[in-house]
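Both complexes below contain chain A, partnered by chain B and then by chain C.
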Partner chain A sequence: MRFRSFIPVLVVGFVLALVPSLSESKQLLGTFIFAGVYAIAVIGLALFSGYAGQPSMGQAGFCAIGAYASAIVATKFNLSPWVGLLAAGAMSGLVGWLIGSLILRLSGHYLAIGTLGFGIIVAALLKQWEWTGLSSGMRNVPRFEFFGDALKSEAGYYYLVLVILLLVIVLALNLVRSRPGRALRALHESEIGAEMLGVDTATAKLRVFVLSAVLGGIAGSLYAHYVGSITPDTFEFTISVEMLVMAVIGGVSSVWGAALGTAFIWGLSQAIKALPDVLNSIVKIPSITQFELMIFGTILILVMIFMPEGLLPTFTRRKRSG
Partner chain B sequence: MEIFLATLPQLIVLGISLGAIYALIALGFVVIYSVSNVINLAQGEFLMLGALIFVAVVDLVAQPIGAGLAVFLGLLVSFIATGAIGGLAYTLAFRPAIDRRASVQTLIIISMGVSIVLRAFGNLMWGVDPTSTPAFLPGRTLKNMGLENVTGDSLRLGGVIVQTQSFWIVIALILTVLGLYFFFNRTMTGRALRACAMNPDSARLMGVPLSRMSLIAFMLSAGIAALAGAIIAPMQPVLYTMGLGLGLRGFVSAIMGGIANPVGAIWGGLLLGIVEAVIGGLPQMDVPLLGKVNPASLREAIAFVILLAVLVIRRLRGASGLGGKRFGL
Partner chain C sequence: MLLQTQNLTMKFGGIMALKDVTLAFESGKISAVIGPNGAGKTTFFNACCGVYTPTAGQVTFGATPLNGKLPHQIAHMGIARTWQNLQIFPQLTLIENVMVGGEMRDHASGFVASMLRLPGVVSKENAAKAKAKYWLDLVGLGDRAETLAGNLAFGQQRVLEIARAMATSPRLLMLDEPAAGLSSTERDALMTVIRRIRDEGITVLLVEHDMRLVMQLADYVAVLNYGELIAQGPPSEVQANPDVIKAYLGEDE
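Showing the complex of A and B:
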């Protein structure tokens, strides 16, 4: 990786590292931790969706597999949560490989519905699994251990998520610029064209699908160890949709776009949550959450109409032309 | 297992009535997709609005004009109002994007945005408490007509118990199909819609206004979904969340039939309905790893496993849907 493209990672990392020193509010840090966990899964999704050129509607399924693998290792086998994190990545990668070899034969809408089906199947199976607590899920998932209780505090966990997120960004940026990354981009432009140039498109797609599954699994594991309890509903279909929205709004074919999209949607929903207090003093709103959702949906539609490539590509292009 | 086999005819009847609903929803997907290339994931929300509007109208007018006429009026208002909402959704959300040459992925996301807004709207208008409405043909009326084998709102035919509402569902499907057949083959507008589906460029060159045709397709599909919602309103709680699951199943049915193929969509819907009902009737069984499993609660997952299998096998064989590929009823 060239040093120049490394600079934004350092800058973003540095700025974000300041957050815990600015505020000790547990709630605020919690919000940032969730956003970071989401960002990891969304970058994974963007790597696949951005290159295969198809929406993946089952990313939450991989998060679920990671979260459950991690929770099982930590609570049922009493192993270190770190082993759980590794198991989460390995397990979701393995499932990603199995599922991918099957559904990546599909293309277009059929692939989208294939990923959607996968997410729904995972959630439904987890609800039926007695060993993992059926619908009520798993509880008492411990935090990671590192220098004693360093990761038990909100700030400690925040730094852990931040470090992993930055590593993921570096890895993803590297991949995009590597030989396999270029092959994937060729694949996005024209599958036949890429094949003519000697790219093994099936293997290339499967690899990036597995990578995206692994990132989803890691995000799931980080979530499980942070919150401490998981249920199948935590990873339902709507979460997959939300992740896809984040990826697409930021700009699905870029790593930074995915990160930006996550931050945007996350910030937006926080802002809208705060809005009704202001509005409520002026007009009476019957249902605040539904009102939020309406604004959320409307903004989503507007962004997609006026910036279909997502926020990041739109702004960077304007800067270049201006 | 014997119990299961004995109930099989019952399950298949149940499956057909479920499947007819899925088929109606799937038809909506097919009409919109064929004409405008949009996969409209908000189809389930049109169904939800249709059901809620229907219940509201029936509640309002059942007393003054009588139950029978109220159902008719409810269906009409629900069809027109939801059709108008569908048209509005197209004009405000989809058309601006299509005019800017949005990609398939962008349009899918927009339809998700539309369904978020519509669901919130349904909640704001009608609240969170489920409502219900009496069957179109209550068991009481049948008893008064001198029919013997009536329990509640169900008829006993041979060994099979059929809800009276199931008849209406199947009738609604048949009438809708006949109506669509007539519309697409015998009317100028319908033919123009088919022309857009077959070859948008030539259709435009022949003077067919593409965006007006898409508008009609959206209104028509929303109307069909609303009818489906109104017809199942007596059979399940009517609530702003009801669209998600049903819409998803309609989508699956449409995909099984090969998204641009109406006949395939009907078969896809019926097949999915029957499979779901039959799986729901299987006895509890021991599954390695999962432990004791009640297949009824795995319905959804199994339906998707079947869907994936159908898709992959079909892909390997190079075919496109359950039936042919051409659009036209």
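Showing the complex of A and C:
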């Protein structure tokens, strides 16, 4: 990675590293940890949907596979959670490869529906397979071990997620700025044009799909080991939609945009959850989730109309030209 | 003969777009496929380079049959092309557009190597950039290397496609209506570029409406009408062929 593009990573990393020293609030750190975990999965989605231009509405399915793989390794096999993390990446990558080989011949709306189906099937299978003992969820998923109990505190886990997130950002930036990244952006704009320039578009799409699946799996694993318990409902399809909204709003062809969009939407959803008491005294709202989806939908429509490239590209372009 | 077709036939439903077209294009020459609108010229191109699978017949490149090969495999074998309905990458800069072509022959910088930015990646990228710059300069777009391709004028986008195709180091360059939408200055510059490409030993095959350009450039011309080959030979001969005149001007009644 060129040094100049490394600077933002250092600055963001430095600023975020200060958070635990500013506040020891468990709730605040928890919010940041969730946002970081989300961001890892959303960056994976942005590589596939944003750069390569292939819609996916099943990212939460890979998070589920990663979370369960990790939890099973740590609780049923009593192996180190680190092994679980590796297993999560490997398992979701493997499933991504199998599913991708099947459904990536679809494109556009059909691919969106195909990935949507995948996400729903994963959740349904986890719920229905009672003999596996997974349908009621998994509890007592242990935290990672590193220098004793260092990662068992909120601040420790916060730093773990931060380091992994920064690493993912660096790797993703390297990818999009080099040959395979260029090929993905090219096939996004003209698949036949890229193909005729020697880009094996089918393989390129499959690879980036597997990569996004692996990142989803890692995010799922980090979630499971942080919260300590997971159920099939944790990764239902609305999470996939939420992730797509995060990627689109931040700027779908931008690694930083994906991170920013995640922070924005996650922050907003936390704010909305804090609102109901105030709102309920004014108007009767049906449920927080529905209210949240209404707000997200509105924001998505506004962003699509007024800044179709997403928040980050819109603002950086204005700055460059002005 | 570098590129040969044998009874090439292409049917879309009930429409016969190409019918038993048997042609051979000599290596090192500039050849042209001409014909009135809807004669099947672009279909002929698409059937040759793997965009369409021919209904019947064979396409042979050198000694290798191309049937069943995907476009990217055909590109790797040494055929590059441009498109009548441009297929540039508007959100990529000019240099990036050309680099995508140039990086075809470099297999080492895969996904993982690029993510880790391993030592070889940077030097290969610089080499691809230098090569891309060479072709941009040659077609006269060198000073706009960092512009987004979508911001170029139509005629310049056409020329960009040629630079991009040349970056793949092809043996055969297929140009689908390269002069469409060009000003007369741009057109003259295009002819210089095409001759220069031929002089480097690369075979050029073009589909073109602009008769003046074809007659000045081509060593060999094939004429299609309603999907059938009606004439072929040197430009002067083809120009005088009564069937060709009839096809272009219509019949006296």
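A few points about this structure:
Quick note on the criterion: the second predicted complex is superposed on the first by the 291 of 322 C-alpha atoms of A that agree within 3 Å, B and C clash if a C-alpha of one lies under 4 Å from a C-alpha of the other, contacts with A are read in each partner's own complex, and residues count from 1 in each chain.
Convention: contacts are C-beta pairs under 8 Å (C-beta built on N, C-alpha and C of every residue); 3 or more make two chains touch, one makes a residue touch a chain.
Every value quoted in this text rests on a predicted model; they were computed, and no experiment measured them.
Touch criterion met: A:A194 reaches chain C, while chain B stays clear of it.
Contacts of A:P55 after superposition on the shared chain: chain B is touched, whereas chain C is not. Applying the stated contact rule after C-alpha superposition, one finds that A:A112 touches chain B and leaves chain C untouched.
In the superposed model, B is the one of chain B and chain C that contacts more residues of chain A.
Looking at the shared chain after the overlay, A:G297 reaches chain B, while chain C stays out of its contact range.
In the superposition on chain A, contact is made by A:L175 with chain C only, not with chain B.
By the touch criterion stated above, chain A contacts chain B in their complex at residues 49, 53-55, 102-103, 105-106, 108-110, 112-114, 117-118, 120-121, 124-125, 127-131, 237, 241, 244-245, 248, 252, 286-287, 290-291, 293-294, 296-298, 300-301, 304-306, 308.
On chain B, the positions that touch chain A within their shared complex are 39, 92-93, 96-97, 100, 102-106, 108-110, 112-117, 119-121, 123-124, 248, 251-252, 255, 259, 289-294, 297-298, 300-301, 304-305, 307-308, 311-312, 315-316. Taken in their complex, chain C has these residues touching chain A: 49, 51, 70-72, 74-76, 80-81, 83, 87-92, 96-97, 99-101, 103-106, 109-111, 114-117, 121, 124-125, 128, 164-165, 168. Chain A contributes residues 1, 171-172, 174-175, 178-183, 185-186, 188-190, 192-201, 207-208, 211, 253 to its touches with chain C in the complex.
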